[in-house]
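One chain, chain A, appears in both complexes that follow, with chain B as partner in the first and chain C in the second.
So, the complex of A and B:
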């Protein structure tokens, strides 16, 4: 796997140098936020085999929480992010405990329905600003000292968190806990027969995933300065599924690549084609499911793996 | 508000609207259950098919001047054919895979349909007039019953009962149920199961479109109506379980009524009451009210 190492080094160099070589930092930050979101989602779908169709709920709940804590209560950003993650973890615990009572396709429907419930709650609460959402959230000073209103400073903060999450997920997947998750994905009855408390492992994976999704949502609020209804809408849940599916379910780098492609597509197309964005996203879904279910990274791995064997 | 202060007329009116919505939930969850039974796929596009049914009726009227009673026949057939095409082109290739892929594919199709209609017609609603023969209302003494609403409830109940009859009481239905249990065995008896699967999806799509045509005069026809209703219908399906046809019909109607009641007593919660009930059912009876398995 030499090639992978080179790719990672090149990408790391690119990420560190990005603001210096003129890449628009807000765009890269948006990409990194969604990359965190997709990696968190992939921990659940790719390594535990659970399809949550409501991950926008945790992303959005944390986005609103952080926005409220910073804007109204004037908390410092790092504590507000922890607050957002705590709420995402808590709601993940409640939803997860209900959803794992049913298997397979029901799990997807339950997570979607409960996320829609949160959407309506956010629409009606005064706290969340209803249709307007929370606007004009300041970035504040990190640890009360370092001002994040500078895009470059904010960029390195987001990058550091992204790298931490990426390595953390690698660590989780390669740990004994991660191996048990994969065993559950491959054959749940066998994992049960080996004496594992499958429900507890699933729930823990779910809460880990929602907590990290919350981190992504909190960061997104700080980067853009707003949290709106679209953060909790089901189409956001669909987007994170698409990012993961397009990049490669169950690969480390796939969700990052998928997030990059989807964010770039949206940024470039939104003004030009209007409603056709949703048509294009739908078409990518169809093509992914029909033609390359392993995603871009998964297919590339399969291709290079095959070549190595024949050589 | 004190629940005893609500005028009877308003209460009955909201209950009727609830019953109408419940009829749509019933028809859609029935179609979902039938498709899931035979294809093993949760059809996310069901909401989009319902939306296209309503738009189909509206377009026929707006562009061609073709009225309701023709639309109620033409549109379901057209959408049924579209369903057959979808099954042949896409779904056919997914049966051996994890059912999650079917959900993702139909989600993609729903996004495509919604995007196309949103591009052409925007998100503001189109209104469709109640057909002349069903305009007006009947005075029942204790309430004024709009004729069209009564027709919607009767027509969808009739459709649901008809579907139940075909599946539970006819030879075709027996074959269908056998194919749900063991497709290979049924095929060995010389029955063309793939065609049956295709036609089932077509019928499910037609059912969704029929619900859409029935809905066109009582709601605003918008491209978003499909995704709005499908998530509620998912919750209905989780509550009822997909094991029993009459179970899903009853669940749909009951939830519509509860929603209507909530709109009178505590309007703020009417959007979420179905989801709250789903959560309660999951805690108390995880398999669903009529479910056979978890």
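So, the complex of A and C:
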């Protein structure tokens, strides 16, 4: 317990000081966006036990929405982010309502199929810019006042949202609702027999997860100034699964670490080995799944012999 | 509603699995406040009847009335909230939650805050006292903080009973509550059931005939999906059809009762 406290303090200090000690802010912002995405995904896989294979849909839908609202309608960034999240929540509600009754692989297939539909819609529509996507999205002024075009300002904005999401997920897991989610994961028929409509609990968890995935996508658009087809592509859905499993599913910090590793590898290797980066990441994934079932953080927890009383 | 009306009534319940009829025209009447045992050889359809009554399975035909209300088409959680709560043949606990938390999950529903994902967990602490009292009733108060998976089998079943009772069911369905237990545990659980039966109705599947003969008011015997006898223990154990049903199997429980 004490060790993790120190780790968190050190990480918090590092995060606050990052721009001052010469860490490239856009890189850290990218990392944080994907960390939010992976944490959102983990809420579903780790704490609800549902494997969605189409989470890029919510990330991407919000990415496009925020891009469109800022670029074309000139909304302020915070409202445009809320717009992106609202769409992600709404799509999550629709997809969830259709898929939640299905078990295991069928659930994964439905979420994948619906995400692929969204991909083709984004490819065809004028609104989303087809193959080019939305380019040149300005960051705008936060609350109409504070310009986000400065990378350092934008960085602290993203960091603040990341911390909020991280704490929110902890709260969700340790809430009356989280307690029922855990009961459902542990023994679903028993939860039903005690009078809980398990599908509604799963649906709420699904919508919470898609909403936060949307926040990640919206932020990503503002950080980079574009939303493209790769945001809704199935490989993006795969990447978030990879990040979560690599870091440790069902642990609070695992997805953050997993996102960090994948983003760091992509950024550092892409110009050296080109598309081989996918092969390298794939190989890491295979090793991870075979050797460290619980992911890096999960294995570390097991190693330090800490009883997972929480999670 | 008259107190003499049955609390639960089924009309010609049938459940077919791909051509195999597991439950064949079962009509039951449960008397309010009684302990009613459902017995029969393995595969007779007892658990399937439980699944039908609690909506875990939809009947192929037939109807179910609870307190005079047709509940045939309800969802399982809805039926549970109405007051029909079941236990399972294999012990059903939440293994990686503490013993106290197991009972608290059942109590939490009445608090009405179970969708509040923004509320801190300590809003559930107010339930601890009630949960501890329920644990004390089944002799588990010293295990409150134990992780449930570490409990011995008999204790798990006791916990299951406490959890079921926490929902204050009007009708409690117990599927083989003493199965796989040693002699002492059987005795303890039997006493718990007797205690729990005050102010409620119990329908239980049970293979142990000494348990059945000591606590059941009425016994229904099933064989191959159908009811073959009903009455007091003395009545059904003298019924030639029942004796034959039991002799045709390796189940010697009925003979072992006396």
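By our rule, the second predicted complex is superposed on the first by the 305 of 311 C-alpha atoms of A that agree within 3 Å, B and C clash if a C-alpha of one lies under 4 Å from a C-alpha of the other, contacts with A are read in each partner's own complex, and residues count from 1 in each chain.
By our rule, a residue touches a chain if its C-beta (ideal position, glycine included) is under 8 Å from a C-beta of that chain, and two chains touch if they have at least 3 such contacts.
Here the structure is a predicted model, which means the values were calculated and not measured.
In the superposition on chain A, A:292 makes contact with neither chain B nor chain C. In the superposition on chain A, A:179 makes contact with chain C only, not with chain B. Looking at the shared chain after the overlay, A:98 reaches chain B, while chain C stays out of its contact range. With both structures placed on the common chain, the touch criterion links A:90 to neither chain B nor chain C. Once chain A of one complex is fitted onto chain A of the other, the partner contacts of A:191 are limited to chain C, with no touch recorded for chain B. In the superposed pair of complexes, A:109 makes contact with chain B only, with no contact to chain C. Partner chain A is touched in their complex by these residues of chain B: 36, 42, 90, 93-94, 97, 99-101, 103-105, 107-116, 118-119, 227, 231-232, 234-235, 237-238, 268, 271-272, 274-276, 278-279, 282-283, 286-287, 294.
In the complex of the two chains, the chain A residues touching chain C come out as 171-172, 174-180, 182-183, 186-187, 189-198, 200-201, 204, 208, 307-308. Against chain B, the residues of chain A that register as touching in their complex are 51, 53, 98-99, 101-106, 108-110, 112-114, 116-117, 120-121, 123-124, 234, 238, 241, 245, 274-286, 288-290, 293.
On chain C, the positions that touch chain A within their shared complex are 54, 56, 75-78, 80-81, 85-88, 92-97, 101, 104-106, 108-109, 111, 113-121, 123-124, 147, 163, 167.
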